[in-house]
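First chain written, first letter: the chains are A, B, C and D, and each begins at residue 1.
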Amino acid sequence: MKKYILDLKVTENLRLHTNYVLLKFTTVDGSSLPPMAPGQFAEVRVDGSPTTFLRRPISINYIDMDNNELWLLIQLVGDGTKKLSTVSPGQTVNMVLPLGNTFTIPEDKASQLILIGGGVGTAPMLYLGYELKQQGYNPIFLLGARSATDILQLKEFKTLGDVFITTEDGTLGEKGYVTQHSVLIENKFDKIYTCGPKPMMMAIAKYAKTHNIDCEVSLENNMACGVGACLCCVEKTTEGHICVCKEGPIFNINKLLWQI
Amino acid sequence: MKKYILDLKVTENLRLHTNYVLLKFTTVDGSSLPPMAPGQFAEVRVDGSPTTFLRRPISINYIDMDNNELWLLIQLVGDGTKKLSTVSPGQTVNMVLPLGNTFTIPEDKASQLILIGGGVGTAPMLYLGYELKQQGYNPIFLLGARSATDILQLKEFKTLGDVFITTEDGTLGEKGYVTQHSVLIENKFDKIYTCGPKPMMMAIAKYAKTHNIDCEVSLENNMACGVGACLCCVEKTTEGHICVCKEGPIFNINKLLWQI
Amino acid sequence: MADLNVKIGSLTLKNPVMTASGTFGYGLEFADFIDLSRLGAIIVKGTTLHHREGNPYPRMAETPSGMLNAVGLQNKGVEYFIQKIYPEIKNIDTNMIVNVSGSTIDDYVATSAKIAALEKIPAIELNISCPNVKEGGMAFGTSCKSAGNVVKAVRQVYPGTLIVKLSPNVTDIAEIARAVEAEGADSVSLINTLLGMAIDAERRKPILSTVTGGLSGACVKPIALRMVWQVAKAVKVPIIGLGGIMNATDAVEFLLAGATAVQIGTANFIDPQITIKVIDGINGYLKRHGYNSVQEIIGLV
Amino acid sequence: MADLNVKIGSLTLKNPVMTASGTFGYGLEFADFIDLSRLGAIIVKGTTLHHREGNPYPRMAETPSGMLNAVGLQNKGVEYFIQKIYPEIKNIDTNMIVNVSGSTIDDYVATSAKIAALEKIPAIELNISCPNVKEGGMAFGTSCKSAGNVVKAVRQVYPGTLIVKLSPNVTDIAEIARAVEAEGADSVSLINTLLGMAIDAERRKPILSTVTGGLSGACVKPIALRMVWQVAKAVKVPIIGLGGIMNATDAVEFLLAGATAVQIGTANFIDPQITIKVIDGINGYLKRHGYNSVQEIIGLV
């Protein structure tokens, strides 16, 4: 997929909760956004943050075709994301996109697919779920978070399929971790897609391995270039060190050497 | 004079012309501004400019006692001043102030005093003029600039005394340089105070020497600390290298070793 | 358009802007963003005799106005380069230069000899300055004797343009430059990364798997500029200046300090089109100051 | 409050935060902003045997996340210090340390001997690493032999705590640290500034009157941290770490890397109260991580 460097215009900045913003962007000149696939990401330039030297990788959260809008869901963790969260409608943000690979989707439309997102890791799941639904699948969503207020974009997910929830403190859905949720345990899935904190993804990978379920995870290794040029973001795999930014961020767990 | 580190609140940001802003500040808690003397300056921290590492020295332009306001007149030259020019009312700016020495004023209230400012060098002249007027002197102002639009705060100066103007392109006042202005040539002054581009100040210093007029200039050497600690800002004087930030920025021309 | 041509050994560059090894992949990674043929040269990834897996992840840490890397020369070895990569890049219409690394003099010699056979690779850059691998790289670049020895040995098997990339982690870089010039280097490039370190205070651990790594980016520019200026006074061969070049003004500063060409590294990560902007910016600078050729400003300071 | 006491030679510091020479004047310049008695120590300006005018203006250039200076040890000489300044500062309730520079070994010895007579100056910091004066300073700090010789000579006349400040402009700083330790240094402080340069592209001139100057500030932190970590593994005497410390987290990183105390330099220019914030921040860090004493985190990495 051809990569672009674009100044995209902020159309909306929604603070979803203390620590999260949903930013919506469109093109400056009204032209169509370039094609992007679920799982891909943008390298976003952060202007005006003296401590932020490199771009920040952020997943494509959603492409709103009707409005020609790109959505990014951002958790405020450090100076870069904090600065980014202050952009206002009308301002432009420079991005290199779309980067990385995408999820692989089984041919059989009857495949039982579950998309598991933890915290801000739900971001790429929305666009993936949308694509799956578009293509005639019936994806199921399982969202996990610390607390009810960390469950994001619930409304949007509900338009795409059944949504199940776990929270660590039990304030919404089942109490506990995603891997303990009854929907996972009581049903037989053909494939799991997941993105979230590494311990969560490792627990899911373990679950998938044990239950012989095909599973793809989205990694968030630190990046410098985002385009496969610097070799900073490597993951050790069955094929040696490979770049998460280029041959990932989506990996089948069979390719990973995680000790699970 | 005791020095302070203060967050001051922007009350107004007036763009005087493409390249100049007048920023007005007051205290956050409504307490009185600390005492400051004409010629002194503030070391202003610039937030959110990735290329600006050090504070920026800016002269006290005026103290509006009635409104408890500090004025800074800023010319946009590089990233620091450009960023500073974007602050909006309500925001705070961190400053170390008041720094440096002040002008010396002759005892005789009948002294003929002329205050010559060039470009943004008019900044400290406003507060000096105000002080002189308060103390019962009749200061005369001579403002020089490239063009009419670079003559700043004319209205304010006019409330303090007679104002004369030169512009290089003749768009306001007499055409030429300040040293050629008739008011300077046709009158006998006891003292000249000046601030502006170095070539201008050197021309004035030469004029003053030739005509045996007492003369004080305000230097703008590059600074790092602003408090006399680093010795970066030195000027070579009859007493050796001395700090412009502490023993200046106001110097009697007799103390300087300018080749004029 | 001012005349931007410069010469490095027997190479003619259409302009003084090259890309720095390890920061531009094999060039192809940037083909979507810029017209590669506009570049003066592309220096590809560090290549070694044998396949190297590089260092474990994490390999990168952001620092004030810069970054540390500890990639450790990950590459598939020179044979793979010749078989698989060379055919892909040999028709890029610019000078394609291979950065050669090794752990022993024999490694350097064997790798260089193989590259010498490739028609479309007119030059190599000998990396005697990588701080990220234990048994070699930087160790060669930190003494005149060992630096001279590598260059001498490679010079015997490599007839093309031989650029030697110097380490900044030394007391006297000019002395090393003189030593490699004496052994037949056609050019020196500097600087490679400065050895640095980052710690995660909360976890009380080094951030990089290798503890230390190589510092690059804007933060190193003052040091790089000083070294280029010092080396320019010490050697006669053309100098390629790099380290922290983020824009055209930075590049001009290196030329003024005595560099005949420049390389752009870390800045590619922040702006994948930066190389083109720098080329255009140098041209603009020359015009604005009334120069007809970039040659006129080299070494003016 | 965690126990912040640390020992450097025979000195006890109430906390590990000192101010770096040349960036804090004689302390008095900051008296309006902070309570000086809260500091672990104040290292005053570089002092030489004779009056020095320092280098011509301009002496400063801003760089990405840092600055270059070329002050060149301007000071009125040790006699003036003893007569005029010492009486003013001797009652500041912290360790007042004098930074001693020289052009010859005899200079160092003579100056140190005079300072030794001052009751309220419990330590000196021997500056063998100033890059801004031609005939001395840094030259001593760039070879083991000359560094060792200065220290040996000064040790004979100076019975107090002798700190030696090392230059980062060397191939192997650990080797120099070992050399000065062997000659009786009670502590080493590092790093002094890195030699750098800045050019004004528009005017095609160096910015500093001396062309090159010393780089300091946030940009140098990764290099300083690496050197402290290397030296910590090489010597037994306590290390004072500095270079680019801008906040408490940075200071903690130096402690983790093996420094017993830290110095804050350039950061004082940006926030004149930074030293106090760093002291409080270290305390906060220790509390948060359940340590009772700063000793527990020294050298954890």
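Going forward, contacts are C-beta pairs under 8 Å (C-beta built on N, C-alpha and C of every residue); 3 or more make two chains touch, one makes a residue touch a chain.
Small disclaimer: the values here were computed from a predicted structure and weren't measured.
J.: Please flag the chain sitting at the greatest distance from chain A, going by CA centroids.
T.: Centre of mass proxy via C-alpha means gives B as farthest from chain A.
J.: Which whole number of Å gives the spacing of the CA centres of chain B and chain D?
T.: 36
J.: Could you tell me the distance, in whole angstrom, between the mean C-alpha positions of chain C and chain D?
T.: 34
J.: Roughly how far is chain A from chain D, centre to centre by C-alpha average, rounded to an integer in Å?
T.: 48
J.: Once you find the CA centre of chain A and the CA centre of chain B, what distance in Å lies between them?
T.: Chain centres of chain A and chain B, defined by C-alpha means, are spaced 55 Å apart.
J.: Please list all residues of chain C that touch 2 or more other chains.
T.: Residues 61, 63-66, 218 of chain C each touch two or more of the other chains.
J.: Could you pull out the residues of chain A that touch at least 2 other chains?
T.: In chain A, the residues touching two or more other chains are 50, 52.
J.: For this assembly, give the contact graph shape among line, ring, star, complete and other.
T.: Looks like a ring, each chain touching just two neighbours.
J.: I'd like to see which chains touch which, written out pair by pair.
T.: Here the touching chain pairs work out to A-B, A-C, B-D, C-D.
J.: Under the definition above, what is the set of chain A residues touching chain B in their complex?
T.: 48-50, 52
J.: Tell me, which parts of chain D touch chain B in their complex?
T.: Per the stated touch rule, the residues are 22-25, 29-30, 32-33, 45, 53-54, 56-67, 69, 71, 74, 217-218, 266, 268-273.
J.: Residues of chain A touching chain C in their complex?
T.: Where chain A meets chain C, its residues are 2-5, 45, 51-55, 96, 221-236, 240-241, 246.
J.: Which of the residues in chain C end up touching chain D in this complex?
T.: Contact set of chain C toward chain D: 61, 63-66, 68, 142-143, 169-171, 194-199, 201, 204-206, 211-212, 215, 218-223, 225-226, 229, 244, 246, 249, 252-253, 256-257, 285, 289, 297, 300-301.
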